Amino acid sequence: MPSRIKSGPLVVYGLLVLLAASMLFPFYWMAITSLKGKADVFSTEPKLIPGRQLAERVVDDPRWFFHSGTDNYSQLLAWQRLVESGSGPRGFSRFVLNTVFFALAITLGQVITSSLAAFAFARLRFPGRKQIFFAYLATLMIPATVTMIPSYILLRELGWVNTYQAVILPSVFTAYGTFMLRQFFLTIPREIEDAARIDGCSPLGLYWRIALPLSTPALAALSIVAFVGSWRTFMWPLIVSSTEDLFNLPLGLTLFRGMYTDPDWPLLMAGSMVMTLPLILVFIAGQRYFVEGIRLGAVKG
Amino acid sequence: MPLRGKSFFFTAGVLAATLLLGVWLHSTRTLQAPADQRVHLRLAALYTSQAMENYQDLVDDFNRRNPDLLVELQGIPGSYYDKLLVMFAGRTAPDVMWMGKGMAQFASRDAFLDVEDEFRIPPGHYYESVLDCYRFNGRLMGFPLGADFAVIVYNLDLFQQAGLPPPAPDWTLEEFRQAAKRLTVREGGQVRQWGFYGEIDPGVFGAEVLSPDMSEERIDRPEWRSYLDFHLKLIFEDGSMPSRLEIPGAGILTRRQAFYRGQAAMISDGFHFQTMREEISDFRWDIAPVPMGARRACASSTQGFAVSRHTPHPAEAVRLLRYLVAPESQRRMGGVLVPSHRESARQAIEDMPGPPHNRQVILDSMETLNPFPRHPKINELQQALAETTRLVLTRQQSPEAGLRECARQFREILGRTHP
Amino acid sequence: MRSRALGIAALFLLPNLLGFLAFTLFPVVASFALSFCRWDPVAEPVSAIEPVGLRNYVDLVGFHSRTDSGGQTSWVANTPRFWESLYNTVFMMLAIPFNMAASLLLAVLLNRKMRGMAIFRSAFFLPSITAGVGTMLLWMWMFNKDMGSINQVLAWVGIQGPDWLQSYFWAKPALMLMASWAGIGGVNMILYLAGLQQIPRELHEAAALDGAGRWQQLRHVTVPMLLPVTFFIFIISIISGLEGGFDAPYVMTGGSFGTTTVSLYLYRQGFEFFRMGYASAVAWVLFLIVFLLTMINWRLAEKRVEY
């Protein structure tokens, strides 16, 4: 197959378009649903092309779109239910800011600390290296379901229940980032390292001047993974927070669900759209590190 | 290397911004410092937009009336019992908490304060069957606000189109089945309108889950067999009920949506008539009792409040509990539950706008609630039973094999002394 | 010299290691201890946790103890629920090699300077960030026997589609299909993209000079250079394959029709049935399996790459 790919980018494009369309379908469906009125969602059987009805309606009466279609979003953004006291952002805007803060703090913490540790595991020789690394690996293999209660009890002992650090810190020092970056640092050719060593480069210099710049794509990948993961995290913030001012978007969005009524799908989908769009932007910003060919430029510089 | 410098400053900038954001968010938290002399109580409830407003009103009113107390309402937006479990494990459970289907699982483990002596209950003023759901070894471990149960909700217009009279108050299972058949409309091989979408409670067929002392299973019995056979007939013989069972979490086409759209002429559903009134505008509807079988029974659930056994302020917490479940408070919740207080229930039903018009059904059903036995391993037993029902009603397992297997599992769960 | 090396290593390790010891390793060790105890977190405080030796493990293998009214304890064979869920999980893990190959192919396809590649990369990444209850509902629609789009498409070519989510035979493949859809363009693809960037261009140029075609370059340059990343992806896939897969069966099939994964089983035992000690034992058996698989891989990988 790859030899045929060579014959022309047209085939590649065609293949990609077809695949991408199937990948985008649910997102498209989410977007369409988020613009519908509550009664419309189930009004016909789900069709292969779910937007046709909506399009017809918009063409029929363009003003309807601005009234009903944007209703879900304005309803979301106007939502507030926090207690009166306090002066900071409340309601939906607070959920958004909390989510941004959690995601940034966890991502930065993970990338910074685990790149340091990964460098030690990949490039330094010290007694106990293998053993400590296996301890890291081992923690990846235990499901969070059984570590949740011990973690919670630890945080209670520290007096940290319902604090920002309780949400952030346990997600920072996971083995995932360390393991991943170690694997990438391993691919750096030894010759480059030796050359730098001969030039009198210290281990810190090796880390700073060689390992990090040569692993920009890996750092970008870890950042994306960590950011997306912490942006969408639900269970842990739920467990450690007891007031709404600590909620993130995934928690906040469940507040729109009623117990007696069926879920308001359009509103929930509008919420999912609000959740997803920033992630797409982050991804688009991060993915350019996968194309620039940073590696060669950095070494020659 | 200009790139490294640039990304260094970028990272440092983001780091600084993150720290600033964190400090700002932390400083603008709405936590109330316990600087005053008031006793602080934490009240937890499952967050649902309608109920939360009611609870917040109640809490505000309580705080006004009790200047020595400060109650904080904590709305938990999901995975309610998971969160409660973790809090109990850490002994940080809220002082008072809302309870729904998890009551038996928690209360049978001594999670709650015994409040039997805190309530003077005049005989006949409360629905005993509802109070019993909160009694363990004869002691009240909390107090029920009220109950919710499944009745038959039907589309009157579709009944008339099919030339059927509205269901009689004493209709039998066979009459129900015939009605469902007549109400089913096919179009080109596909069903356009289902006669029924839902479930008839096993109790109607005389089925019981456990023996009265809860030591033995009662699963592999003809009553359970006739319960399964009846539903299998509706689904596969008459074709009057869809085979797709609702699955916890999300449904493809939930019963209610099928009903709203006129795709199901009858459904079994609970006390959410408020929502139905809002959703249904283009046809007439009403409610009917669950058809009569070996006995009368309807699936039910209760909601109420309980006090944590680990609360540092038991007296104050009990005061809050008494207020939260008082008849006046129950009447406020009348829109979503039938109060456990008889007089409040009567009044709430009377004040309710129609439809449904056949309100006697609601009060009658309160006398025939059929809750699941309050065994400490209730979740395990329910899971085993639900699994069997799901497999048999999708014909992945025969009723005999399913019940035999389920009974075996029940014996295993009941017999296991090592938890 | 040794202590100096240790000092330098400590400088790099400590920022992560300290937090790791407290927030990651401690809970893991605690769960190990719990796996030898019975603990009902609601009924008993932490101080009353009762050690029971290997009972949880024996129970998991297939026997539990029963004490009769006379105080006699006997061992009874029980339903091998754990093994069933392990079988379901391993069955669904059969998709891993396919998914990894697909991710690699996708990354190779997307790793080129062509107009619009950023859009394609984002499109393939999207499913992994939109995955959630919303998309599961959509898939439930698509899998629906009568009105689902999958069976509609099958009907065009004259095939009567099955009731995907409500049959023993099709429920697992259906969930696997959905997981592949969400996973192929997700983290694995990103890691492969990053891995492809790490390969010095000179290697490809040298291979091209030697007359290697694209396919040969892929085989002899790309794949060997991607081994460390592949090792990582494989290990993580095994871990998440064995320990993940909780939401989809929970929401879409309720765990029936042979879709109870180990993680769903574990959750139910711990959080619904309050058997925390037993759940911890299940977790540690899983650990043992993953650890052995990792070790085998490690040895195999060590032979091929210099670590």
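Observations on the structure shown:
Labels A, B and C are assigned to the chains in the order they are written; within every chain, residues are numbered from 1.
What we mean here is this: contacts are C-beta pairs under 8 Å (C-beta built on N, C-alpha and C of every residue); 3 or more make two chains touch, one makes a residue touch a chain.
Note that the structure is predicted; figures quoted are calculated from it, not measured.
Interchain contacts join each chain to each other chain, per the touch definition above. The greater number of contacting C-beta pairs, out of the two interfaces B-C and A-B, is seen for A-B. One inter-chain figure worth recording: chain A and chain C are separated by 18 Å, centre to centre, where each centre is the mean of the chain's CA atoms.
Taking each chain's centre as the mean of its C-alpha atoms, chain B lies 34 Å from chain C. Distance between chain A and chain B, defined via averaged C-alpha coordinates, is recorded as 34 Å. Residues of chain C found to touch two or more other chains are 41, 46, 137, 141, 271, 276.
Residue positions of chain A touching 2 or more other chains: 148-149, 153, 216, 294. Touching two or more other chains at once are residues 82, 86, 89, 250 of chain B. Within the complex formed with chain C, the chain A residues making contact are 2-3, 5-6, 9, 12-13, 15-16, 19-20, 22-24, 26-27, 29-30, 45-48, 112-114, 116-117, 119-120, 124-127, 129, 132, 135-143, 145-151, 153-154, 169-170, 172-176, 178-180, 183-184, 186-189, 203-204, 207, 214-218, 220-221, 224-225, 228, 232, 265, 268-269, 272, 276, 279-280, 283-284, 287-291, 293-296.
Listed in rising order, the residues of chain C touching chain A in the complex are 2, 5-6, 8-9, 11-13, 15-17, 19-20, 22-28, 30-31, 34, 41, 46, 106, 108-114, 117-130, 132, 134-135, 137-139, 141, 147, 149, 152-153, 181, 185, 187, 190-191, 193-198, 200-201, 213-215, 218, 225, 228-229, 231-232, 235-236, 239, 243, 263, 266-267, 270-271, 276, 279-280, 283-284, 286-287, 290-291, 294, 305, 307.
Chain B contributes residues 1-4, 7, 11, 14-15, 17-18, 21-22, 24-32, 42, 46-52, 72, 74-79, 82-83, 86, 89-90, 92, 250, 253-254, 256-257, 261, 272, 274-275, 279, 336 to its touches with chain A in the complex.
The touching residues of chain A, when paired with chain B in their complex, are 39, 42-43, 81-83, 85-90, 94, 97-98, 100-101, 104-105, 108, 148-149, 152-153, 156, 161-162, 164, 209, 212-213, 216, 234-235, 238-239, 242-247, 251-252, 254-263, 294, 297-298, 301. Of all the residues in chain B, the ones that touch chain C in their complex are 81-82, 85-86, 88-89, 91, 105-106, 109-111, 190, 243-245, 247-250, 252, 377, 379-380, 383, 386-387, 390-391, 394, 396, 408-409, 412, 415-419.
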